[in-house]
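Structure below; questions to follow.
Chains here go by letter, A, B, C and D, matching the order in which they are written, and residues are numbered from 1 within each.
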């Protein structure tokens, strides 16, 4: 093996730089050259790349974002684009392509795999943690801590005013950030996609009853609801307005939004990214193909790429139970 | 002087607890008793209070929010409510009342002053810094740093995607947080109430032209606009949608909202709160009345209460000029 | 089961409060009363305790330290002290005692178990992570992130001056913090107890050769060594002086010390503490005895107490290998 | 004016990069070229420099350290070195040299001024704030907040163990960081160079009496002493050992050390750095010479360089008084 390429694709996630660094350093000690494509699959199509030497990854382990830039690339579904990418990779004599990204990026990887003979290895980089086959994803742990820090701040005001706050966190299809942010912040209620029956709307009456009874039992105090994005039409803003009207108490929304994506990665993400990045190069060197490098039970594992979306990764049921039991109106009599 | 009372009113601000602590410790060494009314003026009306001894303020200097709780009190404009408050204060043998809050709270203080014989002293506690007569207000410095931390994180994603972000910060009528957050984050543009002509709408065309030309000159890169709340109909969400449509590039909104109010106060707020709190007790002891304790040029000052809203406090003109010049399209030719 | 007691013992660790909260909330929903002994085993001997209701644990999940205080209790090895503790527990009608602490506290638990008929359940609370039978310990994850934040700051100066820094982290007998801090910070070298042969001194010549060659290869740049406490006679201060003398370049020591123990717990510690605390009450309710509640591969487990020190918990060998390979002088030729 | 140069010298300070950025952007809009000398005065002697364009200072406003590197340069006292520097500056057609640093760097500036005809303008960049003529210095505000964050963490453990901690902060000759860290953390005692009589040793008996009486009055609780470096022979380590022996209670030292220098600058430092940097270029453009650009009462000022060390800048006497009064044993009877 002489030369590999790496790209970051999809939403950026803290730790992507730590992963790039590990790839470059591991390749270096295996005498493998590395080039980085810029702007995700777009760079692959436009031959936009840069060489990556150990000197290029000094002091990036602690940086959010990605030095290779990222982008969506909607056109990367056509046969023509995959063939062009394959041609470009061959022209550059790339033996293996390493792709750091989420589910969308992995579909791109499989698409490319149908048109290119080289090895393709993916690494899970997304704050959403919605990738099957790995316990965590690069960026996920930082996103939880960022959400927690923000909710801790909101709790100050919530307490000062004995007020209801509705905190919207990221996680369109998965409640991983939401569950952990709710547990970690001691939130009184959480609304996650996994807990809302398919086709059913959020049960406003039940939410309001919980707020009312909990505050009566405890005495008036702050009350925080964690909700994932896209779960209620109009988002947390609309739901807060609705609750304020219906309950006749002030309910304020806070949309954490893009601040959850950025920031210096926490240790968990730096270390996970480093492990996966180092292993990915070793797997490439050993001829592996169409796999994702993930982590299960603290061990690095290789997962066939098509299995990463074969099933939905479940939330930790014990965590869900704890969070619900703590504030269960029946189980917690006065 | 035997006994004073303190209350926190209006929006909570980081450093209010540090101020309460300084009041209690200073009163203690002057052999003055302190009681704290809870929930702002509401506690004054409902006789809801607690004694405050030095032991009650241990380990609160670093806490956000306010241990005395806060609240709005819309009814505190009637003669009846002021008379009831006066009666309650007299029944408790309060010699002086210290009020930590913003402009609304100060109006309540003046209202009470027309119906009560005791001394009234106010302390500026608001993240907005929109109080004349003091260079800074308790909570203002923390709010700037909280905004900056969030914008730093957004910049990571903005860079990774070379994207436009619109960050909405607090400051309904004043651009202090907005100006400092823009300068401190290296934002490419800022939209503040002081810089938008009265009656004029925000000039969308000018904004778009600036984005376009700046990105052309520099090469495509991230671009951050800081905007204060309530400046555009529908807020940053509506403006981002508008810009996305008009410019045909992705423009994402981030509403910092209530996370700007909370958090452990930064040193500037802890120290300002401590200075003002200590001085307020000394001023009370010395018989002062209807004044605000503020800070000008690093010295503690006493300001007649009615002067605190006699004029609008201006932004630092040199800071405004710097921020505008850095990104002035004419002054910065290619 | 009617009543349980909890105490925190040994060095405090971020997350202990989150654990106390989970214990109280879980006991409440099982209609079990909770009392908390203060100052570790000392409170057990002196009958110093407080009732713990759900209202007492509001807003403590994010606090460092422990609301029950902690202390060392050297006298808790005598038969007399264990018998006194047993008597006090019986007088209070305690069915089960939950002990949050480290190895020393666990020995106290076993000692008490030989003299008391009630159930004893321990929870691993220590920043050192040196407890067998659980993948992580409460406080460990925060300590790593605290160390990383500090090293990130030192790296700024190290880079500015192209200087060598020696960072001393906690971990008297175990290199868990050291290894993760080294990986996470991109440190150029790490000195851990597990990697130094028994009876052998640290090999100064090898350290200096690594510094010299690495800097020559890369060009002059910053160089960070992470070392655990007590590994070199006189600590990092003495080693820095020695290296400065021998190498004739400035080598500065930084002792992180007690700042690693405190601070608001990161999400990992809040969640681990919550899981273990909730489970411990369920285990007590179910009659379990002389076990530690730990976590293995993301599942809560029960471990016989005597097994928690039956063997030494190893470092992750792949992480050790990565860290060493990145800076291996032979494997990384110019 | 066609071309200016900038260098950073002496200990690095957070905000130096923000200052470099402001210099480059302001020069650009005035059509002035900028080059940066690397490694302080050493780069001036060795002709080690780099051009600085607006594109080079993107995304550095939030970075600690200095992109120009820094270094001590002991040889820069000789006539020969100043003449060589002057020659190098002339060869490069530099009209003005901007120097960001502390007192030592300013002496170098004056020395150079005696041998070079170009304009010399200095900017105060040091965490110690020990420069006369400016209210604050670049880096000072971040250092205070960094110290505070660390002390807040130590307070957690101090409370948990009701223990005495001795925190050593930077400030060899000036107690600015110490005073503000003590006030901001609610420290029970502070030991600063300004408060220790010349030639007198620290009064150990008085310290111990204060600890003893304060803890008796309040009940046993944590007790924090802030001390500046070099104030006690052997530093905080030696003093802690001494106090532990003499008082027979555990007293633990924490040396904050180099973590105070690094980290992302807080808003105050970013804004101060930006103001001073922008103004310095305008002053250069206007022909100013041998001045320091400082800030007094929120306004940018020009100070003749020789006045910056004409007298010692005093601590804020009111802050000193408050801190001492809060814990005065006589003024605070039980």
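Convention: a residue touches a chain if its C-beta (ideal position, glycine included) is under 8 Å from a C-beta of that chain, and two chains touch if they have at least 3 such contacts.
Just so it is clear, the model here is predicted, and its values are computed rather than measured.
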| item | value |
| --- | --- |
| Any chain in contact with subunit A as well as subunit C | none |
| Farthest chain (mean CA position) relative to subunit B | C |
| Mean-CA-position distance for subunit D and subunit A (Å) | 40 |
| Where subunit B and subunit D are represented by their mean Cα positions, the distance between them in whole Å | 28 |
| Between subunit D and subunit C, distance of the C-alpha-averaged centres to the nearest whole Å | 34 |
| Multi-partner residues of subunit C (each touching 2 or more other chains) | 152, 155, 159 |
| Which pairs of chains touch, using the document's own definition | A-B, A-C, B-D, C-D |
| Residues of subunit D touching subunit C in the complex | 8, 11-12, 14, 63-66, 69-71, 146, 150, 152-157, 159-162, 165, 252-255, 257-259, 261-263 |
| Interfacial residue positions of subunit C with respect to subunit A in the complex | 21-22, 25-26, 28-29, 54-55, 58-59, 61-62, 135, 141, 144-145, 148, 152, 155, 159, 180-181, 183-186, 218-219, 221, 264, 266-268, 270-271, 274-275, 278-279, 297-298, 300, 316, 318-319, 322, 325-326, 328, 331-332 |
